[in-house]
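Please find the structures below.
Two complexes, one shared chain (chain A), two partners (chain B, chain C).
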Partner chain A sequence: MKHSVPFLCFRALSRLSAVLVPCLVLTLMGYLFWRAFPVLGPKLLFGRVAPLDAVLGRVPVWDGLWPACVGTFWLVLITMLLAVFPGVGCGIYLSELASPRQKRCLGAAVDMLAGMPSIVMGLFGFMLILLLRRTVMPNANTGLLLAACCLALLVLPVLVASAREAMAAVPASLRLAAAAAGFSRSQALFHLLLPAAARGILGGVVLAVGRAAEDTAVILFTGVVANAGLPSGLFGKFEALSFDIYYISSQYQDQQELLRGFGAAAFLLLISCLLLAAARVLERGFRRKWQGKA
Partner chain B sequence: MNSISSVPVLCVRDLSVSFFDRPVLSGVELSVPSGGIAVLVGRSGSGKTTLLRAVNRLNEEVPGCRTEGTVKLHLRRGSLDVYPGTGPDAVPSAELRRRVGMVFQTPQVFPVSVFRNIAVPLAVALGCPRSELDDRVRDALMRADLWKEVDGRLDMAAERLSGGQQQRLCLARALALEPDVLLLDEPTASLDVHAARRVEDLLLSLAERLPVIMVSHGPAQSLRLASFLAVMEEGRVRRTVSDTSGMTEGDLERMIDDADRSDGAARGQGA
Partner chain C sequence: MRKAGVFFRPAGRSGEAGLAFIRVAVAFAMAGMALLFLMVVAFALPVFVQGGGGGPFSWSWAPGRGEFGILPMVAGSLLAGGLAVVPGWIMGLCLCCWLMAPPCVARPGLWRTLVGALVRVMTAVPTVVYGFAAVFLLSPFIRLSLGGSGFSCLTAVIMLSVLILPTVVLVLQAGLGPRLEAVAMSGAAMGLSRMELLWNVVLPVSRGTLLSAAVLGFGRAVGDTMLPLMLAGNAPVMPESLLSSMRTLTAHMALVTSNEVGGAAYDSLFMAGLLLLLINGCVSLVIRRMGGRS
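Right, the complex of A and B next:
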């Protein structure tokens, strides 16, 4: 069969694009790990401190990435604790229960939030602290909780959109079959539609975790510092991997320090991959329990 | 051939259903005698499915639906007012749908295991205690003639069953809730001949204990199963047949065509 020239061009271009993406990913990761490889090891994490002492917090680590790892972990955890419930809940409400008018208003608000640059969220948090200092809390200061709150605001639209889309993707026939089987609307939602949409919702949560782990602009104004050690509490200053990478790459003094930046980047990537794998395992286990063996 | 008692199982008076002001049923009058299988036949778009879904108020799950008229069910555990939804015998929709089982054209298994397909509606909609679930699931699967095929594989995903098995699973799910009447919307349309025959035999044996109202588009199948026939056209019931013995497929085809033509003539006169 003879194809027209535009069709052939289109096919060639789409093939090229399909090859381009994995090539870019491989180049990026390859370069990162190639540069980071010499420094990857316990010394990168703990510096001159014995690993056990560092992990237990007995000796502070000043020349390793350990405090930043712990900071990022707490930051992401608190962010997700704050954001998952309202985000997913709002998405489900938008898809299942909202009136058309509510859908328009809420949808516009979520879109606006999604379009907001992360630096604005950081500034907002900073201004909030200034306001608090001048009014009810003279001792208020930037810290882990404030950064997590601002990050939660940042990842909220991701969660809302993914939950909404996942619910909307549940086929109408399943809703009809559930109604015909005598389920009330909320029973159908809880026992059939939510589990059916769980995969999409979980996908959104993983995306949000990634976003929270990598964002630097928000935490820049809200409590991150280069040498805080382990976070002292919810209101204490903290270190974070993303900020470490940013800080090192803009302030490095020698080649060794730059390599530490590459190490931190490789580490962040590794943590993201681990999170992704954990989400996969979680999802598979859930699916087996809920849907039966494949 | 069937004992037809005087009280009809389904009584429809002046029923009109529209979606977004587009009428689908207009002024339907129908009395379905109890006993045996009642079959609604007609060309596609004649309103068979909408009439069937009016019996368990399922049309209301579709946006833009408006229903007027009277639909009443006379079942072994008392009468139910379906429409209007107010009155002494009216029940909430969820309860109505538990008592009026339904199976769809394409098998609508839930995306869960075979066991949970039946157990979840039992536990959630009926509030069946956990200790009884195993027995009731097995009982339902036996009644739907599926037990032998899935015994020992109850934790398998239901979507892995064949089409015919899935449809029988849907039937088992409906039967598990102990309905007083069963609605079937072309239940064999998506099955091959062999699987369809198997479901038909099952329906005939079920109909001995339970009133069954079904939609069918095949004249041959309608004649095999029906003890009562209602021919629909353009959103109305044009004709009913209480005795199908001696009828041939040709007779039924002609009847459907006649309904078609008389409708066209009526519209011609109206114009």
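Right, the complex of A and C next:
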């Protein structure tokens, strides 16, 4: 069969992109790991301080990533505490209980939120503080809790979408069986369908943890600083891994600090990839259990 | 299932308490979203109404002289988004077709499986890590090979197109995959390869999917903060060429909060937030009409 010229171009281009794109990405990632490899180790985290002292908070760490890791950990934990309940609840509601009209409206709102630039959430937190200062709390300031609230808004759509999909993936036969056994609608939902979908929902939560850990733009507005040490409390300033990477790339003083930046970037990349892999494993297990395919 | 029943005990035996929980969760989520939209609009509206000289709608940003125009940044954002979509969309389309059209469907081959996995991993790579790698690899490369400072429109656009690539590929795969499967059998009977089927049959009827992938990519490129902030140079003027420095709305917002202390500079910040919200709203609207999923 004779091919037209556009088709031949298309085919050549698709083969080219199949080589070009992986090369580009792997070059970037490979370079990152190549520079970071020599510094990967406990010294990257704790600097000159003994690890045990640093972990217990007895000695502050100034030349390691430990404060940033702790900051990111608390940030993600509080974000998840705030976001999981509304997010998963909203997803279940959308999939099981909402009328078609509600589905359309709420679904549109969640879609809109999903596409929202993360910096707008940061701006929202910033506005919230300005508002509080003008009205009830003149000395309100940005901090860990505010950043977590804004991040919670950012990961909400991820949680809603995954909970919704997980509930929809539970097979219809289970619903029929529940009805045949005389379950009421709410009994079936909470004692049968929700436990069945739990693994899929958990996969979504892990995915959301990854989103919360990587984001920089939100915390830029809401109280991240470069040298805060360990976070002092819910309203204190904090350090975060992603912000440290940005900060080092623009303000690094010496080679040592630059290498720490490479180490931090490689570390964050590893964490994100591991979280993604965990989410995939959970979701695959869930789908295989209920649909008999990966 | 006894264990599961214990696990969801808060829902109550009849599940009525659980329904109340879910309603509260939905109320929380909706309150958060409503507050976000309301705040952004409420803070920006006074600026809109005020108008006048030195306001956000002029072409000059010079805080020292009391000029706070953000139009160069608006142009910068649209330019960066538009330029990044072209290579991102073309490469995404080609890569997606290549992934979907192996010579033998049962055995896709190692390279194809790996590239497919890589595209999934790319969705999880933090943007700040992309930015960090590009600051130390891509921008020196551009400085040495093409001249300029290396921190330019072109650098940011290249990385933005890498950033949106996985989004484009996944949206296209979700849209084109079922259509290809629907005609795969009859196509094979006529002796057409999968690539020929895609080119001659599937792509011409998938205009909506193709467009919504492009629009979604555009939305992500415009909304990203860290890449333009780290790579584009951030001079608040219209870029003269691909190699000159520019500033996008998102980067502008990040810079204003870290450098200015209030007054008219903040007004321009709120205006920028509203503009981003509106751009994102248009993107969601187009995707809804096209029926693609976000």
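By definition in this document, the second predicted complex is superposed on the first by the 233 of 294 C-alpha atoms of A that agree within 3 Å, B and C clash if a C-alpha of one lies under 4 Å from a C-alpha of the other, contacts with A are read in each partner's own complex, and residues count from 1 in each chain.
The rule we apply is simple: contacts are C-beta pairs under 8 Å (C-beta built on N, C-alpha and C of every residue); 3 or more make two chains touch, one makes a residue touch a chain.
Keep in mind the model is a prediction, meaning the values are calculated, not measured.
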| item | value |
| --- | --- |
| Partner chain in contact with A:275 - chain B first, chain C second, else both or neither | second |
| Dominant contact partner of chain A by residue count, chain C or chain B | C |
| Touching partner for A:162 - first (chain B), second (chain C), both, neither | neither |
| Contacts of A:87 with chain B and chain C, given as first, second, both or neither | second |
| First (chain B), second (chain C), both or neither touched by A:79 | neither |
| Touched partner set for A:182, first chain B, second chain C, both or neither | first |
| First, second, both or neither for A:95, with chain B first and chain C second | neither |
| First, second, both or neither for A:192, with chain B first and chain C second | both |
| Touching partner for A:18 - first (chain B), second (chain C), both, neither | second |
| Doubly contacted chain A residues - partners chain C and chain B | 184, 187, 191-192, 195 |
| Chain C residues within the chain A interface of the complex | 1, 4-5, 7-8, 11-16, 18-19, 21-26, 28-30, 32-33, 35-36, 39-40, 43, 90-91, 94-95, 97-99, 101, 111-112, 114-115, 118, 120-138, 162, 165, 191, 195-196, 199-200, 216, 219-220, 222-226, 229-230, 250, 253-254, 257-258, 266, 269-270, 273, 276-277, 280-281, 283-284, 287-288, 294 |
| List of chain B residues in touch with chain A within their complex | 56, 58, 61, 93-95, 97-98, 102, 104, 106, 108, 110-116, 120-121, 124-126, 155-158, 160, 170, 173-174, 177 |
| Contact footprint of chain C on chain A as seen in their complex | 1, 3, 7, 10-11, 13-18, 20-22, 24-29, 31-32, 35, 85-90, 92-93, 97, 106, 108-121, 123-124, 126-128, 130-131, 152-153, 156, 160, 184-192, 194-195, 198, 210, 213-217, 220-221, 242, 245-246, 249-250, 261-262, 265, 268-269, 272-273, 275-276, 280 |
| Contact footprint of chain B on chain A as seen in their complex | 173-184, 187, 191-192, 195-196, 290-294 |
